[in-house]
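Notes for the one structure printed next.
Each chain carries a letter (A, B, C and D) given by its place in the written order, and its residues are counted from 1.
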Amino acid sequence: MSEKVAVSLKINGKEVTLLAAPEQNLLRLLRENGYVEVKCGCEEGDCGTCTVLLDGLSVKSCVTPACACEGREVWTAAGVSRQERIGRLLRDNFAKYGASQCGFCTPGMMVTGVNYLMNNGVPDRQAIRAAISGNLCRCTGYKKIIDAIYHTAQELRRETAGEGML
Amino acid sequence: MGYQFITADSVPHALELLERYGRDARVICGGTDLMVRLHLKRLPECVFINIRNLEELRYIREEDGMVCIGAGTTLSTLENSLLLLGKAPALFQAAQVFADPNVRHSATVGGNIGNASPSADSAPPLLAFDGQVVVARKDGRRLLPIREFFTGVGRTALEPGELVTEVRFKPNPDSAFVKVGLRNAMAISVVNIAASVDLAQDGTMKDVRIAVGAVAPTPVRAVCAENCLRGRRPEEAVIRQAMDAIQTDIKPITDVRASERYRRIVAENMMRRVVLKACRICENEGGAGR
Amino acid sequence: MSEYQVLGVRTPRTDALLEASGQVVYGADIVYPDMLYAAARYSDYAHARILSVDVSEAERSPGVRGVITAKDVPVNRFGYKFQDQPVLADYKVYCKQDAIAVVAADTEAQAQLAAEKIRVEYEPLTPVLDPVEAMKDEVLVQEGSSNVVAHIKLRKGDVGAGFAAADKIVEEELSTQKVEHVPLEPHVALSELRPDGQLVITTSTSRAFAYITQLLKILRMDMTRLRVLTPAVGGAFGGKNDVSLEPWVALLTLKTGRPVKMVFSRKEEFFTTLRHPYRMKYKTGLKRDGAILARKIEIISDSGPYVCLGKDTLTKASVHAAGPYNIPNISVDSYLVYTNSALGGAMRGFGVPQVAFAHEVHTDTIAHELGMDPVEFRRKNLFYDRGEAATGQLLDSRAMRATFERALELEKKSNEGREEPRA
Amino acid sequence: MIKKGTGMACMFYPNGSTGKANPAGAFIKINHDGTAVLNIGATDIGQGSNTCMAQIAAQEMGLKLSQVRVVTGDTELTPYDAGTGACRVTYIAGNAVQKTARKAKRLLLDAAARKMGLIHSGQLVIEEGEIFLRYWPAKRMTIAEAATYSERILGQPIIAVDSYSPATMPLEEESGQGMPFEVSIYATQIAEVEVDTDTGEVKVTKLVAVHDCGKMLNPMLVEGQIEGGVVTGIGYGLYEQIIEDPVEGGIRNPSLATYQIPTSLDVPEDMVIDCVEIPEEKGPYGAKGVSEPTCNPTAPAIINAIYNATGVRIRDLPATREKVLFALRELERKEEG
């Protein structure tokens, strides 16, 4: 490993400065500093278990250079699932609709789900199915994950409609 | 020496860094290709020049009839661009099936063509539009036709110190893209193909440009197939002729993903599908592909 | 409904909220103070004698605290009925997935770097990779044993008589491929020597007791000195049924006195067990009206270089090979064959997915050769309430026809758009 | 061109290892505060056994699910279990947990009887967390009271242990005859596919899966197991294949980029899942295991559907796009020839 450099970024709402090697990926930077909810299933960009929000967009942290995150904002599954409304509602619906079994792909699915819901996530099963197509799951067959995101989108839509937002 | 990672804070700064580090420099933006090669230990020590912060390279705009896309523009931006949906459906459709949504949030156009994989999904549309690559250097810039940009597997015509800053092309609404992988997401193309057609009033194809990926060391124009179609109507017999002709345009290999024979059959069938799609002809009117 | 009515309820998993917020602890998330990381050196050949293993350069590599080879393993053979699998390759490598040495270092990168510096001298032997070829025993995978390591026989009634009385014989060959479990969580194991002298191994496994039974023999320990903990498991599907990296981390801890952790890369995950590929021959004798009189089945299973669970899998496959049909005369001959290809092990379905593919495609072939609708042919031959299995066991098979008719009903109903509310 | 077709497959599969012992053990301790610790050897690898086992224990002891804490995954503290495999946990470990819970309940009721001055506990029942006399319901106490009385007064800790081992007979060496399993489960799946004759792509548009698992203890977990198994079956039938070098040996596609399992866009939007609930009286609350063989009928149902759609029968899995396309060409050539 080459000589490490300091990277200052915001993780789950908290300013932190961490040491990263130039060639290190964001996944390793996060896991080595205790954010172990970001999972490593392949480290080759093929499985999605390492998905995090980077500046509001869901990305695969294993193919994101750690040093490129200087001054950026990262949210992990632990962070988004505490976030009011979208994250918390999706977390509860993941449980309610049986969207997880072994739980290893679940953090990545949660972040991808939150990303979908934050970017005008319409309650449309085919759109949701496409949105999570970068997150592999071997246990659930994807159906109940789509159910959870779909029902969350519906509930959010009812709320915003209720508040006369639309 | 070990790796280094330097973030450029402007294009001139990036060019200066590229100049200084020459062959040791390696431009990185999304990182979805380079970080995988790094993990697989197929990327020797280098100086990463990070251009991810350069907002001036992230745009899609129309300038005197040309669509100009900044090299740092992500695939998800392309996928959500109404301009592309309307004026350059081939590139829009390619962006939709590129890898997966989360990779599309990071991967950039400049990165995709810079990586120069034979199966790069953004290449066939740019080739079919006969686009150009704007290449900047410390002391100026040059316009490189995209058909001269790819020189081999993973190799481009870029010289050390040069940076792709934009791709530009004359858009065409009568264009389309088709991809065949081994599954419907996160799939590296076994064959991808784009077509751009200038249709006359009477329905004949005044001009037609077809570009095919994953069937040669670089994406290629299917010149022989184009010749069969140019000036004629997209009828079944004409297309059948072009389907034979395309076999001479392509030199597919057998690899872990698919065999040469499979790529040849799919290439001709997808050529038929993409030409009909570009001409907005519903596919099953024209009978079965071969 | 009262909180005390707990069964028959759509209750979420008790850890569902923890899973959704990423707070479940898997093996890879566990960190001990001054822990070392391990990396393995795998074989370069599918079949070769090992002349020498030189770890000196690896031992001098930066950050390295210990290297183990077969010499460090108290008992270097393990397995279930067949003790044929080495913990680390000693005088021979049997497949390209065999590990020869394992390095423990301060960081994972240092361990991997050092592992590449291990020099192995081989005397290459011709590998036998095709099971049918291997059955000729021209090249022996395991010395002193035929490559046909098990022949499972099943005889019910008299197939000869059945074929003689048949109006029609249908023969068919079918085969299945090797597949990987692909649990999203790769294998992981940690070992720690606790102050009281107990060696505690934490590993992602479906069968901790099967593991500790093997590890006790390998490490020559008893249940007071060894303990296996199972953290949350990120999917197994049968791929975490057999010991692999656990003895390596245990021995490295014993050698260095420090906790050791090893997490398989996705590539190494493909080196663990795979589903056995089967080559199957089906021969069925029938009456013109579709009644099945006799079925003869032959299965060749490529076990890779060790038996592992190959024989148990092939037994369960043989018992179910004829399918859920009333067949008076059945004979099954199944051969488990050693090869130098990748090792077979348990995977979801344990041999029966292979034969289910075979007997259900064979059933369709038969129906079409008789000019019958495959649904009608099944309706005629499926188990009734008291089906007799190929083992002669009488089954309570009421559910066979219940699922059959219900599936047809749901298929028809969903085509008419009136989908059942339950789904 | 797109050709449509439908195919079916049936299967049967046992619960438990083949003709050899594979017991499961359980400990239960009822705490003085009326909660319980369920300690089992079987581990949850994602199929939901911790939840299912806790449900059985809670139902049997009249507790809420939240009052039962499950401890597994420690060879020193948990009783022996043969392991999570062979579709055995719900049926075998479930029976062990139910038997153990009955024992714990007996100890609890005995303590309650003594506290009430009854000569035996036969007339006592537990409902909604309370113990009372069946025919004089006014005479009641909470489970916590009985537990405290037993543990802290009588000095009788409420700890029960039991196990379950299926009664099977090994197979005879020569004939393979015997009684290797106690119970079996059954299933039928129907697949609808669309085959693109230009690329050989097979798209599973609908999958009907009807399975048998006796009484469903938790319908949501059962559905999840069937949906997951179906997708594993789709991978087995259409997408997955380890490619080994035929000369040198060694795997040529050891990555998730070149060994492709189904993504969310490769599975049918229309998955119709159902169970026929024929209770199994030997099972805990009538239940049997369901998870392991849910993938068994999927691949053959798809292969039969491909034949129905195109007349092409793929006899060597997987039915990759290339294999289907070449088989279509072969069929065309034969028909023209």
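Note that in this section a residue touches a chain if its C-beta (ideal position, glycine included) is under 8 Å from a C-beta of that chain, and two chains touch if they have at least 3 such contacts.
Bear in mind that the values here come from a model prediction, so they are computed numbers and not experimental data.
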When C-D and A-D are ranked by contacting C-beta pairs, first place goes to C-D
Looking at Cα centroids only, farthest away from chain B lies chain D
In whole angstrom, the CA-centroid distance of chain C from chain D equals 18
For the pair chain A and chain D, the C-alpha centroid-to-centroid distance in angstrom is 30
Between the Cα centroids of chain B and chain D the separation in whole angstrom comes to 47
Chain-centre distance (mean CA atoms) for chain B and chain C, in whole Å, is 42
Multi-partner residues in chain A (2 or more other chains touched) are 1, 41-44, 46-47, 98, 101-104, 130, 133-139
Flagged in chain D as touching 2+ other chains are 45-46, 48, 220-221, 229, 232, 255-257, 261, 263-265, 271
Going by residue number, chain B touches two or more other chains at 100, 184-186
Contact graph of the chains (line, ring, star, complete, other): other
Those chain pairs meeting the touch criterion are A-B, A-C, A-D, B-D, C-D
Per the touch rule, the chain D residues reaching chain B in their complex are 1-2, 197-201, 239, 243, 252-253, 257-258, 260, 262-266, 320-322, 325-326, 329
So, in the complex, the side of chain D touching chain A is made of residues 45-48, 220-221, 223-224, 227-232, 255-257, 261, 263-265, 267, 269, 271
Listed in rising order, the residues of chain C that touch chain A in the complex are 10, 12-13, 15-26, 28-29, 107, 109, 181-186, 232-235, 237, 263, 265-266
In the complex, the residues of chain D that touch chain C are 6-14, 17-18, 41, 43-46, 48, 50-51, 54-56, 58-59, 62-66, 70, 72-76, 80-86, 127-129, 171, 173-181, 183-190, 206, 208-212, 215-221, 229, 232-233, 235-237, 240-242, 244, 246-251, 254-256, 259, 261, 270-274, 276, 278, 280, 285, 292-293, 295-297, 299-301, 303-304, 307, 313, 315-318
Residue set of chain B touching chain D in the complex reads 100, 180, 182-188, 256-259, 261-262, 265-266, 269-270, 272-273, 284, 288-289
